[in-house]
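The following pair of complexes shares a single chain, chain A, combined with chain B in the former and chain C in the latter.
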Partner chain A sequence: MLTLQTRLRPNDGVAAKVFEGEAIIINLSNGIYYSMDNVGALIWEQIEAGLNLGEIVATLTARYDVSAGQAQADLERLGGELVEEGIVQPGQDDGSSRDRPRSVGATGLRYDSPRLEIYRDIGHLLALDPPMPGLRDVPWNAPAQDAPGEPGT
Partner chain B sequence: MKLRVLYWPRVFWPQIGGVERIAADFLPAMRQRGYEFAVITSHSSLPMPDEYEFQGAPVYRFHFWEALVERDPSRIFQIAERIAAIKRDFEPDLVHVNYWEPSLYFQHRTATAAPTPLLVSFRGPPPESGGTAETVFGRTMHTATWVTAVSTSVLQAVRAHVPEVTSRSSVIHNGIDLPPLQPTPLSFQPPRLLCIGRLVPEKGFDLALRALALLVRAFPSLRLTIAGDGPERPVLETLARELGVNAAVRFLGWVPPEQVPSLMNEATLVLVPSRWEGLPGVAIQASQMARPIVATDVWGIPEIVIDGVTGLLTESEDVPGLARGVDFLLRHPEEAAAFGKSARRHVEVAFNWQRYLDAHDSLYRTLTTEVGCADPADALAPQ
Partner chain C sequence: MRRANPVPDAAHRSVRDAGREPAFGRVSAAFDKARQARPDDVHESRYVFGGRGVRLRVIGHALATHIMRPFAHLQDAALPADRVELEIDLWDERETNVAHPSDSSQADLRAVESGATGWDVVGASDGEESQRWRVGGGLATSFQSGRVFRYVRPGAITWLDREAGRAIGWRASGVQLPPQEQSKPLPLLLGIWYYDCDIHVVHAGLVAWRGQGVLVGGGSGAGKSTTTLACLQTGFEFLGDDQCGLQALEGGSFLGHSLYGGARVAPNHVEHFPQLRAGAGRGQAVRDDKLLLFPAEVLPTQLARTATIRAIVLPRVATAEQSRVRRASKGEALLRLAPTSLFTAFGAGARGFERLAQLVERVPCFWLELGRDIAAIPQRVEAMLDEGAARR
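Presenting the complex of A and B:
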């Protein structure tokens, strides 16, 4: 059970990056892709920074127009999903040193409940749709629309 | 004002295959009807620039497959950002994706960069991975404004897999322009069989070789030409030797599309022994050249080859059945010629190029002008 003292730690074998308000997370062990926008991306940054859930709730309420109760409920739900997907594992806050949380910056922003977008079939699609092997090299004479090359579908 | 369509095929000219051939003709023809296109597609092993122009349409190629296989979030993000920028710049009125494949992840990820109607066209059956909301395929289908399939059998498979699209889906059969070359009478001296396509397992050319092995005793002068290239070529050459028919088989290699009609004219009949096909263009082209066809009864093939009218069908993997079909037609030249003539008449109507363009023209306009209505299906009748 997740509490405000829980710290979620990204599992080994998870690749993630936050870019311009979006988190892209990939479970390398099974090839499942995830993404989270805006609030979710900020939460992921805070998880990676080693904050416990209580500290993340404080960050959310400082930045967004959201009550602590709503932020906590959303965070516990999202955290549960991340644990269930094998992306993070929960642990108790041991008070060890951690990265400083990001500055809150803007405040009172519009709050949308964070959502974990899941793409379970990419590995399956990749297996079904390998690139065609090169049968031969056809010199490319841009913008040659007259020189067909490698067989396609 | 021209309608702008962002066209998203799996691969694109100068990669060559049935789908690519049609796309290479489709875009210029639709441009003449007032559409503006941009193309987003995959890189392949051909050395190609990331951006170039094809008959007035910018083409953007990406290493989708490699980025997803590498599971590198930075590279994935860079591709998504570039596509989002292209969409914002091009401001499409419609996005038309032409295959289910992994790059649709990027289409879905960038959907908000240019919210437009989404047309999804199936060239073959859907993937077996579920159509649930937690899949790229499921999300694509859920957000599709309209879905088309290249054959009735493919459409039925799509609807069975994703029932929610039933009320917003229809068939648009491929069309191929009738070649200027006229069909020649069938020649039976010597009898010549022809297979054309990529040399890959799903085309079933190994079955054609095995059928040939059953036929050569009764027809010693029978010859089989296999036109095309692909990874199975060494396997097929070895099989021909093992079956003792290598002297009767000619592996022609890749043939330019414009030479296909004359190659068809050299054939007595055409074999389409596929294990899997959306709607084989080679069967349409063989019919255009009034060649009778012996084919397997899989997916879209029976929509082109009408059993007992334009050719003969057999079950998938049925080598004796293929051989019996060939045997019958070689022993009944009048029926074979009649099948060929019927085939030409059939495809002139059902797989007509202008009809193909008209259908897309109508669909494009409806999707782009009627999108304001709550349910596009109100303006489009599913088939």
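Presenting the complex of A and C:
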């Protein structure tokens, strides 16, 4: 069960990138990928930064025009989906120091409940012929290389 | 730069082979035997793959014709021997009467040819392999903690020694190669070698104008081949219709590498590309629905090996008359590029995702709604390139 003290941690094998207010998340172990925009992207950034759910609720209410109750309910629902999809795992806040972005920036922004878009097209294909190995499964240290420069520069 | 592996003489090779998986040495000896059996049927060329020298030797005319054709535009006859970093040696049993040596691969071969399931447990184990995977209708095995890699599929066994930079392969018959090997030979092993060279194989086409490239992304059926071939018709350089290599450069820019020279087009689509139509007769039907063309054979001056990537275009088929362009978000571009590039056998994983994300962040991204005016596509792509170049 998720509480305000829960801290969600991205699982190994999950890669993500946030740009232009959109989070793209890929579960490299099963081929399923996801996107979240606006509020969802901010939540993902806060999860990656190591904040617990209570701290994320505080960030949401500071930035958006939303009540703490609404933000908490949405966050618990979204967090549950992320756990169910195997993207994150819940842990209790141990109080350890971590990077906690406190800058809220703009305030009073319009709030839309966060939504996790799920893309299972490739995951379904992979499920027909598992397991799909990645190059990390055949690690081998090639001789050191120097990064080349751009031709003509 | 990775150390070049000069092509060794026999004495040097025996020393270098000593550290390999023992079966690799036996396969190497079998290749030498095949070469001696048909000295007049040895086909050898040198190439530049991803900026690195490669020597390809094939025993057997039919096998050589099929294997070398997709690499023809990467040929470099003047490449000196001491710049060869990867040697690829293949032989055709049908032409040479030299079989693959008897080792654990034979059990794997019987298993894949019988279509047995549970390949992760069948096949003889010589106790030396590290890991095994069922991949794309074949069976992959790594040895010596990943240094040596073997892929077995029906009628074919190929080995790669990543440290020595040498691949050796047996083919049952050069006249019965599957369509995939005629258009994109050795994809798994070359993908691993490119990765070791810090070049990631991505599922995207690539065209360029005077060395400035546009990456053409999207899933199957999105219109990558249509877009790249339409550009080729009007003077763009062609580097691939659905696969290319991606290399990060110092300073943050990205270089795209051509991997294969073929293009797959639906037969009823060839009429849109009159210049290529001349070469269509020399193409071969691959799979049920596509024709395999080699643009280098018709427009030899328009095949390029590398291009600096300045923009990303995401084509998609529309029903409108006119093709339209609009900006794509970074997220939309990453969603179209990353999944089909990463979720392949031996994909580049998190490192590949990060590299694609960096590329998407760096260059402008566009949707290209493909209308019926295919001839107008190059103009639209040129405009994207102008915008990408302006942002350098």
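Going forward, the second predicted complex is superposed on the first by the 121 of 153 C-alpha atoms of A that agree within 3 Å, B and C clash if a C-alpha of one lies under 4 Å from a C-alpha of the other, contacts with A are read in each partner's own complex, and residues count from 1 in each chain.
As a convention for this text, a residue touches a chain if its C-beta (ideal position, glycine included) is under 8 Å from a C-beta of that chain, and two chains touch if they have at least 3 such contacts.
Predicted model only: the values in this text are computed from it and were never measured.
In the superposition on chain A, A:Ile122 makes contact with both chain B and chain C.
In the superposition on chain A, contact is made by A:Tyr33 with both chain B and chain C. After overlaying the two complexes on the shared chain, residue contacts for A:Gly105 are found with neither chain B nor chain C. Of the two partner chains placed by superposition, chain B and chain C are both touched by A:Lys17. Annotation: chain A residues 15, 17, 19-20, 22, 24, 26, 28, 31, 33, 35, 119, 121-122, 125-126, 129, 131-138, 140, 142-143, 145, 147-151, 153 touch chain B in one complex and chain C in the other. By the touch criterion stated above, chain A contacts chain B in their complex at residues 15-17, 19-20, 22, 24-26, 28, 31, 33, 35, 118-122, 124-126, 128-138, 140, 142-145, 147-153. Every residue of chain B that touches chain A in the complex is listed here, in rising order: 10-11, 13-20, 24, 42, 44-49, 52-55, 65, 68-69, 71-74, 76-77, 81, 99-102, 105, 109, 123, 127-130, 132, 134-139, 198, 228-231, 254, 256-257.
Here chain C touches chain A in the complex through residues 1-3, 51, 130-131, 133-136, 140, 142, 145-147, 149, 162-163, 192, 195-198, 211, 247-251, 253, 255, 306, 308, 329-331, 334-335, 338-340, 342-351, 353-354, 357, 360-361, going by the rule given at the top. Those residues of chain A that touch chain C in the shared complex are 13, 15, 17, 19-20, 22-24, 26, 28, 31, 33, 35, 37, 119, 121-122, 125-126, 129, 131-140, 142-143, 145-151, 153.
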